[in-house]
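This is the structure, below, for whatever I ask next.
Here the chain labels run A, B, C and D in written order, and each chain numbers its own residues starting at 1.
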């Protein structure tokens, strides 16, 4: 396999197939300041909602023996603050920026997209219909193809920029959801968000996270994501962006050979902000062998 | 923020389950300020998944070394305690907002491993007094001359909690009061201080951290005005008044 | 938490909360011969179908960095051979035996149960509506609550023995499926079967398993199963049997504190047939601390 | 089938990437028969998840030791090659159906690491001849006196594949012909033998194994009558005629 190293997805072109996953690189400011954007083809921001959100009560993260549970709960300053205070600071950002968008209703997704159109800084949107860590919306949307299509269609009507829909592996039929996103006019689907998980202290019976369950990520989940990317990319005609379990250059290549046009790296970057450069260098080495 | 391969110069046990590790990391040593912390990779393999946060206990700019004091409480700290001279570990840092070092008189109040960062802080301060508490004498990882001590079992200094030492100082005589230790201890100290003094009180918090560099929102601590602050990037040193003490819970699992 | 160490589920009583999972202990003969049944509270046989099945083409297993993919495909000698040749050899088996049952139609499940009633050896049935490795039936059933209920109801009408329905984590709503099993008269639900996974060699683009995808198991999946056990046990009134990720006594206890009445150990037993005794001993030690 | 903690007596490199390991495991050594195999835990941690199968290369009943010959091809064999004297590994076995040792004359045909089990088999046989093939001289892990050799690069014995040595023996002079090596090699050997001889030909197969003790169905190999046999429990030694050679593929990943 000769993977495409400068992927084009919808109207967007990326510097490499490695994208920084939503929620694991904030809005890019810290990683820019650290000079850690080498190797990153693009960046997906933290979820942005219409109103500011505080996020969930702590504890929001819990480490397990082989992975990480998070329950951040879409904490973000709200779309207006993002437009006024954040995006202007990303002017001239070294790689394309995709804004991850969440909402409680289809209308809210569209409204956030609509308002963000006033900024010229970002290249597109990732609709997060799959957050496992909120009461309303979130992954409840992602499991209903009809709703996925509606959310996508409404958002599509507001923008010509890259539009990807981030799907959930936690219920429903991810193939139907992907087809619905395609029908709604998405340029791509992101496969997938974190897996619903939980940690309990058996001695006390208490959950490690404040909300009980959270989103689980781990390099050990790679085979689950490979399977879903493979199935979805055979089902829909639009490109698939993989997200989940990509810890190494080999994992990125495996996800690409499963059908992904680009691969997001999330949890790995939390541990090692300079990982994108290392993974990218290794990837170039492997494909030129 | 830099990420470097630090070479282990020494690891030694200094108390019951308490270790001191010395790392050669010249750039990080040079940049570090008292109260800042490092994210250390406990193992080169993928598990444990996250790095572990540790306060810089002292930094020798000239020698390029950093010292950490830590207690073994699980797999990550266990792995660090088994390192030996010549091994290398990845170190991300320095991270966070440290103590706002100033010239006036400071009071340092430490409980248990909460005192781990005080040697560094004390070395950069002018006049200061120190109150330290721990379960027993052996668990006092740092006992500088002149410090007032309290132990729960009475094996060193006054028998009791560190709060009982507050009677022995004049809280109004300090420009800043720096408190670090378990949440319950910090809450008790802050509550015991007269309202006028609370304004100048600083605390250093711990919270579960995924990234340590401000991007994940995992380390949220409740702010006094509602909402949350990020322990790693807005702290770990906070004005006591910035925090909502009723909503802060122990971060340790 | 003080876990029940001699669990009763429906009409069956087990010697310990640790059950051997279907497909990882055959029909119990090898493990009996090895004298490795100490600590095991009960045993679930390999899936049994109406007709003999050859199973899938090799390769049927593929190891990944942190787990195991399998695609056995319900290979079994068929219900008649099981009744005539296998079950008689299990007479006096040291722990209760549950027969795992699979089929292509609801009627087939019931027919297999019906025929097995002629044997007095086993204590009950686990209806496998969740196999990720077959074309028809399998997990396609498990995602449709209406079908889960029908399969359960039909099987229920043929037996008074323990009846558990093994659910899939790979699509649909596992809570709805559990409720459907309860409505159909199940004594318990087993949560859950393996997760759909895949491994691809990126250099050649070929899948490691003959059918492409398979069922993935790994101790790293424990948090996913804890979450599902926790949710399902809050949704239904019947007991939950956990299956997935139980590698250690601590994992068994975590699954029990999430709500499981008993916990199956699968992949761990493949690697270490004497694991049940070790896990059970450690479990007793932990709970008596 | 027993599972024991075997103590490592020696690990030595005997060829390019080829190692010999000696394990002290008296019970297993006593029970093992030629052609049987062991499932070895490559690491005490959970990963790699599965044990690794290895043919018993020789068993010393009196000394209680077992020998394995293996080539490093990945993480599991790599970990084994890094063990040293005094380490311990878990060993499950002996497993499977071995060679039906008998008194008549045998021919042993081995390719590459396929010869790993032949020292043990040869030690229990009466009269026998041996044909061995490998890529080059160094990769012939076992070269007993009298064996006919073939190497692809000609660095030892005849230049070519092991099949070219078949001309030099009389296939009708053996009670049994035992073949072990890569599938392509075994297929070629079986095909090259006259039909009458094929009936007495045995092969030892490899297949990916999860359990190794007959319960998972993971190691299925195609049977000549249709359907599958379990490599671990019905084999790994089979009559060549039991297998459907057109459907057998290389087990190695």
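Basically, a contact is a pair of C-beta atoms (placed from the backbone, for glycine too) under 8 Å apart; a residue touches a chain by one contact, two chains touch by 3 or more.
Predicted, not measured: the structure shown is a model, and the values here were computed from it.
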Chains contacting each of chain B and chain C, listed by label: A
Between chain A and chain D, centroid-to-centroid distance (C-alpha), Å: 48
Euclidean distance of C-alpha centroids - chain B vs chain D, Å: 59
Chain centre separation (chain A, chain B; CA means) in Å: 34
Multi-chain contact sites of chain C, meaning residues that touch two or more partners: 65-67, 201, 218-219
Touching two or more other chains - residue numbers and ranges from chain B: none
Topology of the chain contact graph, where touching chains are joined (line, ring, star, complete, other): line
Which chain pairs touch, all of them: A-B, A-C, C-D
Chain A - residues contacting chain B, complex: 23-26, 30-31, 33-34, 46, 54-55, 57-63, 65-68, 70, 72, 75, 201, 208, 218-219, 247, 267, 270-274
Residue numbers on chain B that touch chain A, as the complex places them: 1-3, 41, 46-51, 90, 92, 207-211, 213-222, 226-228, 233, 247, 249, 251, 253
Parts of chain A lying in touch with chain C, wherever the complex brings them together: 1, 64-67, 69, 143, 171-174, 195-205, 212-213, 216, 218-224, 226-228, 230-231, 250, 253-254, 256-258
